[in-house]
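Both complexes shown next keep chain A, but they swap its partner, so chain B is in the first and chain C is in the second.
Presenting the complex of A and B:
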């Protein structure tokens, strides 16, 4: 038992070293951009996973909270000169409140209807953002200013700083998710996912727990939105509030492994890698990058429906089957 | 009053396209329980078929319609056999994502081959002009989607009710396993219904080119409203989808007319959310 845990420490130390070395090794703005986007997508996936993965309520409208996080940072800076270090938590609170209202209304629906209802709400929010002059309308908001203190206002000149900061935040959220994964809360959610009626008859207040999961996922997604805003320093509704973004959030999680702790991170790494590299190398053919991206997504989801995280298990099972088959063969 | 009537009429025309899209979505939903994100892209492809038939052969969209429906029918069969049949073995969520990724592939393939710019039909259409009823002005080409919606709804209804294949599809949608036991080939029923849904969208796309511009991403909005119409109409009910598609078109146009064009879609969403809150199984659901 002791040996195992010391091995584990070694593994974690190794991962930590890799995380620190990677941005130094690939020291270009482009690779830093990819790493930052990986962190943001990992957060989006981990957030969505609570409602979509653990509780099994497939929301197709999480771009709302992504946008609320991003806009909270931008607007609080513009209106009250508030530092993003505080504004992002205000954004989280705001998202939680909105998730409470939306969740109260929508979580009664199940299956496809819930998905469609979340899409409809997200579309309404998009239209409201586009038509509200106070938040920049369709032209969006731009928050870069050379006059601001880079550390106080989270506008670093070095992309590497962003990578380290966002990695640290992802690790913190990951530790939180790991801890939560073993608590009653997540087991309740899995029970609701398995069979809501049975879970309720076992004394779980399904409506409350689903609402809580929805709010929690909104908070994490909103945090990702704030980080995105600080990295890009510019946003508009067509970048952040489209139904495509909502679907990609689902995609990241499903590709990595729905309802697992590490799945969203793996999904984020693979998906961001594919999308950024196809974008850079194939973008001179108008649209070809997205075609290839889509084909790859279809292939991965088609042939590995349980997500990339299931690959080691699959290989193991395959080997075992082969092993037993080989043993049985001579007996015949 | 005449403004209201005109608005109502335009709403019905817009609703017809939504109804056509929604019927396809409802068919796929009802039969194989997939929320098909690629339905809007079949509409887009139908529009491009109509555009090229017009540009290269000088055909009116109404003449190109059978061609478009046929092309999309074949494409539907190919897509079903290649992708959807396999996806059906996986979990529901990955089925939905596969149709989403498919829609992405179709949109960007269209962009790659046809270009991203906005297009309208290059050659003049012969079927045009207006009928003035005094209290209502009817643009002839705008009648096409409405008539098409009526015809397609009638044909689909007849097909599902009175033909062997249609009955087989209905039986499969009720219980795939039991349908297999009584000698129906469920895979064939699925193929036909998926291809039919895409053919309907293709025909709708043709009708839409009479008065709407086309570009690769045109399907996205129509698709969302199609989803909403289906959810409002009730669980994969084709009649429900048809009626609520029309209703949404009317709600959309009238909010645009009397409140504000910027928020007209919000009006539709509000109607949908209120309707589903009171009747979670849809307005026309049982």
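Presenting the complex of A and C:
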């Protein structure tokens, strides 16, 4: 391991302090709600990024893993009184298993076909949930109980506890992604994305690696679902299993910067902020919030196709160009 | 067991078209074997069968004592056949260095080890000055060189080179020949498709002449150039062109 330079060390220390201070500074339930949702969307983006970003297979149905995570917590609690601290890992395993089956079937398709196929599967899963009484059908599930131990059952009374816990989880996943980013696994995924023929000829079993990426992304998205469940303490298919959610998962990553370590986090922060504020402040003009939200997203995707994370690099390149242009001008 | 590659009766049919028919030959260890033939003779098709891009319709391929007839690309690469593509397949999302790294990761999970191996390969292949550049900005000659570098980085026992000199200038060709001889000197057997007759005749130990999917002649460069069928069908035409 390389030692962090003092400048970087300061940067990280600064970020840590901000993370600790922010929930205290903005100490309202609404602010905490936004921060919690940012964490959840960051996880969703980081998860999707493995299959959609690194491996380049655009999945349009990742809401199902979000739902599996959420419902795993709810149902295991209702049926077996299982603590969410354990249930969320069961949800991850379940999602990995289902991702294995779906991936085996669908990953042979590329591009639009894969995107549409994953969308279709997600729609089927939604219909199954809506029509299954055992998981609450269209009315969904509700898990709050004052009788449960708040710490053992992750039902905290203070919204700030959620913020801190979820931030810590995001940091852990981020450290994992940062490490993975430099390993053979991620280089292989990038190679498959860039040129599958070349990758295969260089000894890469593309089908296996894509399947692994798909399963890993399902696991992280499932974890986000479990956390969402514990925060809301209630969910139904219309909240969690819609094509809207699947699309938002794609958007968070695309907007932040596809195939990058920090892109999904940046995308999550910006998108959550925009969507929550437009929702709260503009919702009395029917639908206006969605319009503004949509336009903002279109503008960003249109003018910054490499995502928000590419902005500093763009500015730097722009300055350099102006700089060199200024120097060359007198010579001509 | 002396030959690294033994191909028997290799036949490949594309919905009615016989791209390869009854091709039998071998490559000895340490040998450079040239493959020549007019466009559409089935040379690339043969390479695709050897490297597992597609499977033979009939026949068998034995590589280093293993039957690889039915194996996939990535497995064949792992066993020790590296290949380049006639139309360069650079991984355009990666840098030159990373392209070679992908090859170097074939036999190790250790990034440090792989990076070192990639660096050495880049040096040998004369790409050091371009190492940090995105592969997408390379010109044809550089892309062909990158193809060789990535394939060579997988530590092959046999390297399949598909027209790595097409489109190169005379100077670039000389460089390329030097590189191929350097790789061969490290003990890598080479099977190379090449249109430039000077090059083929100079570097090859033996030459296979394909025509319309079949073997027209196999032998040393001298034997092949004096073969009447070859003169009529291919060399004669080629000389007239030049």
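The rule is short, and it goes like this: the second predicted complex is superposed on the first by the 328 of 332 C-alpha atoms of A that agree within 3 Å, B and C clash if a C-alpha of one lies under 4 Å from a C-alpha of the other, contacts with A are read in each partner's own complex, and residues count from 1 in each chain.
Assume a contact is a pair of C-beta atoms (placed from the backbone, for glycine too) under 8 Å apart; a residue touches a chain by one contact, two chains touch by 3 or more.
Model, not experiment: these values are computed from the prediction.
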item	value
Three-chain arrangement built on chain A, chain B and chain C clash or fit	fit
Chain B versus chain C as contact partner of A:297, first or second or both or neither	first
Touched partner set for A:104, first chain B, second chain C, both or neither	neither
Partner chain(s) touched by A:121 [first = chain B, second = chain C, both, neither]	first
Chain C, chain A and chain B - angle at the middle CA centre, rounded to the nearest 10 degrees	80
Chain touching more of chain A, residue-wise (chain B, chain C)	B
Which superposed partner A:203 touches (first chain B, second chain C, both, neither)	second
Contacts of A:113 with chain B and chain C, given as first, second, both or neither	first
Touching partner for A:287 - first (chain B), second (chain C), both, neither	first
Touching partner for A:317 - first (chain B), second (chain C), both, neither	neither
Minimum C-alpha separation between chain B and chain C after superposing on chain A, in Å	13
Chain A-touching residues of chain B, taken from the complex the two chains share	29, 35, 37, 83, 86-87, 89-91, 93-94, 96-98, 100-102, 104-105, 107-112, 115-116, 216, 220, 224, 227-228, 230-231, 262-263, 265-266, 269-270, 272-273, 276-277, 280
Footprint of chain B on chain A - complex, ascending	52, 58, 105, 108-109, 112-113, 115-117, 119-121, 123-124, 127-128, 131, 243-244, 247, 250-251, 254, 258, 285-291, 293-295, 297-298, 301-302, 305
Residue ranges of chain A touching chain C (in the complex, touch as defined)	182-184, 187-188, 190-191, 193-195, 197-206
Of all residues in chain C, those that touch chain A in their complex	51, 53, 72-75, 77-78, 82-83, 85, 89-94, 98-99, 101-103, 105-106, 109, 111, 114, 150-151, 153-154
